[in-house]
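What follows is a pair of complexes built around subunit A, which joins subunit B in one and subunit C in the other.
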Partner chain A sequence: MNRDEIYAKLTEIFKENLDLDEIELTDETTADDVEGWDSLAHIGLIAAIEQEFGFRFAMKEVVNLHNVGEMVDLILQKIG
Partner chain B sequence: MNDLLNQLQYPTDPGLVLRKRNTIRKLLLETGEKRVQKKIAILGGSTTHDIREILNLCLLYNGIEAEFYECEYNQYYEEVMFNNEELKNFHPDIVWFHTSYRNILHTPDVRDTREEVEKKYEAEIRRFQEIWEKCLEELGCTIIQNNFECPFYRLLGNKDASDIHGLTNYIQRLNAAFYEYAQSHENLHIHDLNYVAADYGLSRWHDLSAWYLYKYCCRIEAIPFLAHSVARIIKSLYGKNKKGFVLDMDNTLWGGVVGDDGVQNLEIGSETAAAQAYQEFQQYLKAHQGLGVLLNINSKNDRENALAGLAHPEGVLRQEDFITIKANWNPKSQNMVEIAQELNLLPESLVFVDDNPAEREIVQTQVPHACVAPISCPENYIREIDRAGFFEVTSFSQDDLARTQMYKANAQRVQAAQSFGNYEDYLRSLDMKAEIKPFSAVYMARIAQLTNKSNQFNLTTKRYTWAEIEAVAADPNCITLYGKLTDKFGDNGVVSVMIGRQEKDALHIELFLMSCRVLKRGMEQAMMDELVRRAKEQGITQIRGYYYRTAKNGMVADLYRTFGFTLAETRGDDTVWNLDTKNYKNLQSIITIEH
Partner chain C sequence: MLFSSTVFLFLFLPIVCLLHLLVRKELKDYVLLLASIFFYAWGEPRYVAVMLLTIIINYVGAILISKYKCKKTLLLLTILGDLSFLFYFKYFNFFVENINELFGDHIDFIKVIMPIGISFYTFQAISYVVDVYREEVEPQKNIYKLALYITLFPQLVAGPIVKYHDVADQIENRTVDFEKVAYGVKRFIVGLAKKVLLANTLGAVADKVFTQPIDQLDCMTTWLGAICYTFQIYYDFSGYSDMAIGLGSIFGFKFLENFTYPYISKSVSEYWRRWHISMGSWFRDYLFLPLQRALSLSKTYGKLSRRLGRRKINILLTAIALLVTWFLIGFWHGAGWSFVVYGLYNGFFIFLETLTGWNRDRKSFVGRAMQHFYTMFVVVLGFVIFRSDTMNYAWHYLLTMFGAERGETMYHLIYYVDRIEIIALIVGAICSAPLCRKMLEVEGRNQLRIAAVNLWLLALFILSAASIAASTYNPFIYFRF
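Right after this comes the complex of A and B.
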């Protein structure tokens, strides 16, 4: 799976979990940029990503995520 | 859309509730439903923010619009004890202490002596009693207090439960002390967090990363269950509990179809697995009677077959356990509405239970706001209904039981009548009091309803809308009367209505009806006495009574004659009667009248 494919899946997960019709994700996107991406939504996103890609994040990994780009890097690393 | 909202009846898909919480909130607010306004302070020992959001949805779903106050993280004790003006000015109706075992300050150590454990235990209890007492005294609010859930590890293994040094043992003792306090303080309600956690599964409930990362006392996915559980208490406190069951019969109360299979072939009892499931389900339903929950039948069956099914020797529920039995071939949505009318309740206050998804769908879509229990197969019926918390108990007061009492009272009256040789003695023993007065605002809805549902004791069968009833009440040419009857067994409510229209010195009785459940108690005579008294005051000399025959009102064809009227005119099946007021003598003296 390449970055574009991961972005496509992430976009769907974000739309579903944040209840949004449209969302544009980039490497620099953070929670502050997206309406409704609060703590609970974040937890939901993490759970949905784990389900979609079939792995569990370690607590340390969740804490160290700062933007969507890092999230994609981490997913690539976990499924790679 | 309904699927989404039904998640709030019980969150079978908690993830969906969490993801769609904004959509759900919008849907709930769009209905424009009138909701009661309440103020709820959530004072937590762990994170509460997202719990509040889901609790809000559960309350909106139950007709409660809450304004929330949340304390700073883990400040539940300080906020109450140190004169917090903000909390005081909020004037909460409810304070919910959302604490968990993580908030226990004084925990036992294996090296402690018995006395040391005891000291810690007492200090811990005292800490909670302080905040409860302060709340009750200074805020005058209702308290909801979590008990403690089981911890996620056990230092002593199995002995953790039985040894005084075990945290599990300590927690159960603290819980017992909480319950004792609750038993002597009716404004404090225990929220059984311990059960919610156990029901969810302790291993899953305790999600340590949710605790370390976000300071949630439970797994995020468990939040809808937690919020739902607290909402049950709150909606019960504000009268939003359901009032009764409306039950299908075939494959709901027993396995099989009584009309096709015959009573002897129904599955109920101890013979087969399914039979046991149905029997326990019947026991579960019957136990609800003790809570004042009304049981009713809504079944596609011939009546005699339905009654035969209820007489099954292995059955638990009997014909006399039900207030209303609708066994016919009408649409179940229609039966549902009629049952509600007969019970004088809103259809939404009744829980419809039917194994057939098509019937559930009809009721759900045809009866506005209908409450339909989502049952699957007999071994799951109890769990699926019980978890929804339709009849959450917050008190065992006499008031809560009054409703069933009213219906039960009718049966008692019949029994009492049998013990008197003389009917008049029996009537005197009932100690009846009636309020017979002109229509007043509080009773308009009930009066309009009576005009639309009374068929038997109804002389003209004239139907009125609420607006028409109000117009008549305001018309100076009309004499209006409602009759409300109380006796030693209970309050029967408004049972009789009269409308007379004055033309010169004559009064024409346009409406005279009475609920048949108070027939032959002297109430019909009392109504006439009062009508004549008021007519005389207005200088009326002649009263005209009209009887319009229908298929159902044959019982009152001769009523006016028995009241001393003379037949003035016959028009086909209809008759007109006349009374000269100066010759009238009061017909009854047993009921004490307030007018």
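Right after this comes the complex of A and C.
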């Protein structure tokens, strides 16, 4: 799976979990940029990503994910 | 030793700065460590031992965690050690008093005196062992360096709560240069002025109101007291943080910001991302997120999510995690029920905002104004609970604010404020918005502007120093926690 494919999947997960019609994710997107990405949505996103890609995040990863770019890097590393 | 005391400003700080500049690079850590222990021992000689013991426990704990398989048990034991000190020194009195109250018993006990700063350095210690456990950092082999992280005098007694992974590199390697020292000095003066000129002045008003028996207050007076306290605590604590960040910079450290204009927030959630950030993020990283995560990985979660649906179960577990976190945030502030209520009160609004989406910014000006008004309303009322010694007092104070109760014998408003205090209130309100933010930035390099700012800071320093010399009222609010 390459970055673009991961992005496509992530966009779907975000839309579904945050109840948004449109969202554009970039490497620099952070929780502050996305409507409704708060502590409640975060846990849903994490769970959905884990289910979709089939791996577990470690605690330090849950705490230290600063933007979507880092999230994609991590997913690539985990499934690679 | 207070930052805003003459001993600190004119004796301790100059001597430490000079020594720190003069000694070789390898010795700088030791100068700072000795200075920090001296700084602590100045006011609290008997309790230096508790702090040193905390350092040893966490030093050994972290090394064992990194070496052995039973990491989790070792982590929990180390944290238990840290928390048992905190519990004994901070909460023992409170628990015995509550047991006495509850059962009508009279367990006699000698009151335990709380060592200053214990809430802060204990949290730093926990941050260190958890970071090692999560393999974010290597365990510190040199006990003196770990001791420096925990005791560093700029942040020892009232924060910011520095997380180990944020400064691990700086502890190993940092440089001091002219620019950092200059920035540090300026930042320190800004903090000192905030504390001495604004917080102390407004604090005098708030104290006058809040020490008045409740039956001698009316609606206007209670609002005056609450608003003055709201600005007092902001300038007291953010001023302290400025001083700490400034001192850190003088010694080559870069601490994260602790306040970013909390009073411009448009939701309670946003407010807590701007107020005492180092504490909020500590609770988020080391309690809220792990707890929420642990709940979501439990077997019950799977079972319930099939029955109730993902969204509902996520709401439930977030509510549980928020409840526990905000209970403990309240309790961390002090061993008293009004602090617990204060924590839960804030957690309640955050939960409500999360659930309803109120914390999403409105587009229209009126909508945003309403959001801001609502936030400050919650914040000011929250501080009434925070400031009150008992819940009973807080309750009657709030009733008086809303006109449901009214005292009998009252002083005129003029009794509580004079002209200078009114000016301080206006200046305080203006400066709590990010208007003067650019003052410390040197980017423009406009010589005239830099000179003007420096002159202004010098004037602030002289005014603050004069004010310190003339007054006796000086305690920092957050030293109690």
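In this text, the second predicted complex is superposed on the first by the 80 of 80 C-alpha atoms of A that agree within 3 Å, B and C clash if a C-alpha of one lies under 4 Å from a C-alpha of the other, contacts with A are read in each partner's own complex, and residues count from 1 in each chain.
One rule holds in what follows: contacts are C-beta pairs under 8 Å (C-beta built on N, C-alpha and C of every residue); 3 or more make two chains touch, one makes a residue touch a chain.
Computed from a predicted model, the values in this text were never measured in an experiment.
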Subunit B versus subunit C as contact partner of A:Ile43, first or second or both or neither: both
Which superposed partner A:Asp27 touches (first subunit B, second subunit C, both, neither): neither
Subunit B versus subunit C as contact partner of A:Glu12, first or second or both or neither: neither
Contact residues of subunit A, present in both the subunit B and the subunit C interface: 36, 39-40, 43-44, 47, 59, 62-63
Complex interface listing, subunit B residues touching subunit A: 15, 18-23, 49-50, 53, 209-210, 212-214, 220-221, 223
Subunit B-facing residues of subunit A, complex: 16-17, 19, 36, 39-40, 43-44, 47, 59, 62-63
Partner subunit C, residues of subunit A touching it in the complex: 35-36, 38-40, 43-44, 46-47, 58-60, 62-64
Parts of subunit C lying in touch with subunit A, wherever the complex brings them together: 134-136, 269, 284-285, 288-290, 292-293, 296, 310-311, 314-315, 317-318, 321-322, 354-355, 357, 359-360
